[in-house]
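For clarity, chains are labelled A, B and C in written order, and residue numbers in each chain start from 1.
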Amino acid sequence: MATKPDSIYRSLDRKASAIIEFTLRQYRTKKSTWVVLGVGFTALSLIFLIYIDVMASEFESIDNDGDSTDFDNDGYPRGQELRLGTDPWDGDSHPGLFDPPIEPDPKSMYINEDGFDWDVTARVGLQSTGFDDDGDCQDANKTDSQKDTNDNGVACDIVIEYYRLSDGQLYATIDADDGVDEDPDEDAYSREAIHLAFVLSIGKLGFVLLLGIFLPLFLATGLIRDEMNSGTMHFMLAKPIARTEVFLYRTLGYLGIVWPYVIALGILGAIVSGFAGSGDSFFRFADLGVWLAIIFATMMATLVYGMLFNALGVLWKYGIILAIPFAAWELGMALLSMGAPDSTLLRFSIIGWALMIVDAAAMMVWPSLDVFILMGNWGGDGGANWDFEKSLEGAGPLGFFSSKPGLGLSAFPAVIVSSLVLLLQAAIFWFVGGALFKGKEIQ
Amino acid sequence: MSDVDNESIPQPTEFAAEAPVTGKVRLEAAWGSTEGDEDLTVTTNTAPKSDGQIFKQQYKPWNGELNPRWMRNWAILRHHLLGVFKKGHRPWGVPIRLYLLVVFVASLSDVGMTLVSGLIGDSGLHSVWGVSRDNLYAHVLGFFPRNMLYYPVVAALLVGGVISEDRQHGTSALYFSRPITRFDYVGMKFISVALIQAILILVTLALYYFAEIATMGRGWAWIIDTFPMFLATVFSALLLIFTYTSIGLSLSSVSKGKFFPGIALLSIILGTKVLAFIVSNLFDREILYLLSPYDCLAHVGQAIIGTQPTYDQYSWTWSLASLVAMNGVALYVLSTRVSSMEVTRE
Amino acid sequence: MIPDFDQQGKAQTKEWVPESTAPAILLENVSKSYGRIFALSNITLALNGGVTGVLGMNGAGKSTLFNLLMGKLKVSQGSVKLFGTDPWKNPAPYARVGFVPEHEKMYDWMTGHEFVSTFARLNGLTRDEAKVEADRVLDFVSLSDVAHKKIGQYSKGMRQRVKIAHALVNDPELIILDEPLQGCDPLARTTIMNVIRELGRMGRTVLVSSHILQEIERITEQIIILHQGRLLALGNLHSIRERLDKIPHRISIQTEDPKALAKNVIDIDEVFGISFPDGKNLSIQTHNLGAIHSRLPQIIVDNNHKVNTIDNPDDDLASILGYLTSGGGI
């Protein structure tokens, strides 16, 4: 005989692989597994299709500064009249009366004619940026003080001042000279903003939240409990194997089906958004970093929730009743993390830590994300003032779905810290679940 | 004596072979030779026949009066409903009953606040909590917490085992061995689950309305003024109960497990809601709300109660049509599953 | 169907050498209670080697005893030791134990071979070793021909045998079988009994439960009788039986002519008394029930008596247990 009594713990790997393999095969024979995975795939695919459709359509161009309009009906858009020095409000004053007469410019010349030329980083202090593409600021007819309405001594620029308030967050004021970057290209901005917001929202809500909670809820709650109910647990427990081991290996078996699924869906998402996303390049390679973080965060979430729900299943025949309020709590925490990423409550959740990984990765991969959101919020109103009602399309959702990692950490340490916390949580739930299982009498 | 009779005496030859050992017969008889159906009892025919025998067949038809159908169905319904309150009827499980109680009490929050505001006479508090179009809507269709934590979870817990447990334990055979059609069986399960939800939603709604009348001393003018609004709320509550129950029961009929129907109902209600929320927020398209049972209910509810609509990209009739389609599919699945259900233990 | 036990195979060719001086099973003053109900009370027992039958009615505590031994339940009082180790705290002794649970539910989606080999790996075997061992034990319980069919297609007897194979795969010193013969057809019964006898012959400690004496008797002579959680009898079946022989038995026969039958029956040596409770019944008293029952049918047929029923009014379990518990007669 190959085994001798002294070799019980000699072959942990053999036992482990046997139970993991067994669990995987057991999942494969259950119809509900395929229904759950299929529904998850269908739901995310639906969102991907809508995303592709949105990306393929044109975003309406808006004349943010209103200079394409011909207010006085003389055939000349306001911008042309201003440039040439005629009165845009007087139908009898237009460049057609010049000698030689000047033909009216097409209106499209005055739409999206002055896009963003920002080169700033999110740091405390004053920064000067911007460039007057259409020349309405650099107009020779203007005096120097007219060109420098923000009084910083530089003609035709934008002054951005970042400052930190007592809550530790960076805030910004924007003071632009008249006519600088006042009519940005909606299509370029919104396409990019909606792409970024899509990656973040589908990553945080679709992957980490929905997949992260519902896959374990369906698949992990019965890992031990179902076997205990049906009596088949007797076969496994009659072998020289500790119950905490059984608990661990069963959970690993569950991860064996969930992790490849999450990875496959994540790759699908990366491919879809990489090809369909905005930008000139054929494929958005830079986003892969964020997708990697999304996959990783979802894997961590399914690990921790799997351990937790498995333990709840061991604890009580109606473990699901404990799991459901917990899932609702996590849903609330996910929404909280969007609004208040520094909230202390988040530290008592699982999803708060998992979302921190995504936020940190977004911060690393898209370092100018904050400035980009600022741009969109500011740029919709012709550079005049702050009006969130008029912010560029996509800036709002992007601002909602993106947040800082919290804890005042920079990106990389945030990933490390949250990963460690999640692993610790998983270990705690394993320990608790194993202890519960060990103390459980099985009929 | 025929050979057949000899065989029903337990193995006399074997006893003879081990002759002097005799205490065994006592033990033998005590623990039965096999399954206890072949005791040391010999029944001989008074006239043994060498050929076969055809026994005289006697049928005695039952001439009793069968109670009317509604009475049998009422028994099933009563069995399920009373199980919530006392023992000896369908066991709903302590945690489920506990959760029902918690939801019932939590659903009374607006009743309590109305009473409090009436007692201390705080009109500011009353304007927030008193009966109004928005508050009636929120009592039934508000998302947080009622349609996130209360009603879908209650529906999930109730439908969880209501059919699948019968299948698992083999107790469905107890029903079908009686003069009860499958339609009656499922119909009564449906109504009992719906009634329990109705107790939670409609009773608290009515209490809310009466609390307002009682504490604020409302007169007939007010009642006539607000009653259509109240009726519309009741109607949307009925729609909500019906929808949750039909989706849940169809899930319960397709699955063996107890957990699956419950989680599946919750994930359908909450999952579609979250997905539709993402899409509407991100892409400004509300079309996915048509797939979300809760949002369709909320949209229809807003239309008939008359609150400020939050869905504006399509008409509420689309939501209604979607609800009809959802319920149709669910009832179709339920009816086909039940009519083809084998009455076996699974 | 009966396996050829002289085939080549590790289990048969190798003599078992006990590796520890601790007895396989040691129970000391073990009680197990659920609330105020005692499922087992104050059982002290040591077993090492040989086949032992555990007899008892349903609810006598057989399954509770086995679940205690298998570490599924925690003792309320006393101590349970398998090879000197408490199984509730440490699963290590199971490396030397094989367990056949009573539960009918199995993994229907696996083949018998997969089932046995997968669970063999939980004993620490590699994948390849497990396959070889699975082949061996499936052959041992004569299931080789259906080893690669799904368990869902097995008959009840096959299921029981595949459970036994799964328990034997680690070549255990102690084998615990909970109702292994329940629901089996006679052929499967014979096979399983032969397997159990063979295990006993190989020097293993085998504990097998049943509520049917006859089955146990064909396997072993050493029995334990449990009744209402208490240990009622322990030891050799013959000696217990001899004690039982001292009590008189009654046989009640309902016939059309009791007196005529009595004349024929009185000739049997073992009969020491006859009475007529009423006109239709005859009551025979004897010390040797088996002898009467072996001869009675012949007498009835030879003399053409018209007999309606033959009954042993004293042979219900209550009177047996009453005798065993009080030590007296009926």
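Rule of thumb we're sticking to: a contact is a pair of C-beta atoms (placed from the backbone, for glycine too) under 8 Å apart; a residue touches a chain by one contact, two chains touch by 3 or more.
What you see is a predicted model; the values in this text were computed from it and never measured.
*Asks:* Please find which chain has its CA centre nearest to the centre of all protein CA atoms in view.
*Replies:* Of the chains present, the most centrally placed is B.
*Asks:* So, comparing C-alpha centroids, which chain is the farthest one from chain B?
*Replies:* For chain B, the chain whose C-alpha mean is farthest off is C.
*Asks:* What is the distance, in whole Å, between the centres of chain A and chain B, each centre taken as the mean of its C-alpha atoms?
*Replies:* 40
*Asks:* Report, in whole Å, the distance between the mean C-alpha point of chain A and the mean C-alpha point of chain C.
*Replies:* Distance between chain centres, rounded to whole Å: 65 Å.
*Asks:* Would you kindly tell me how far, in whole Å, the mean C-alpha position of chain C lies from that of chain B?
*Replies:* 44
*Asks:* Per the contact definition, I'd like the list of chain A residues that touch chain C in the complex.
*Replies:* 1-3, 5, 7-8, 10-11, 14-15, 17-19, 21-22, 25-26, 29, 230-232, 234-243, 441-443
*Asks:* Contact residues on chain A for chain B in the complex?
*Replies:* The touching residues are 32, 39, 43, 46-47, 50-51, 54, 194, 197-198, 201-202, 205-206, 209-210, 214, 217-218, 221-222, 226, 316, 318, 320-321, 324-325, 328, 331, 393, 397, 400-401.
*Asks:* Which of the residues in chain C come into contact with chain A in the complex?
*Replies:* 10-11, 14, 19, 67, 70-74, 83, 91-99, 101, 103-107, 109-110, 118-119, 121-127, 129-130, 133, 166-167, 170-171
*Asks:* Where on chain B is chain A touching in the complex?
*Replies:* So the residues of chain B touching chain A come out as 93, 95-96, 99, 148-149, 153, 156-157, 255, 257, 259-260, 262-264, 266-267, 270-272, 274-275, 277-279, 281-285, 288.
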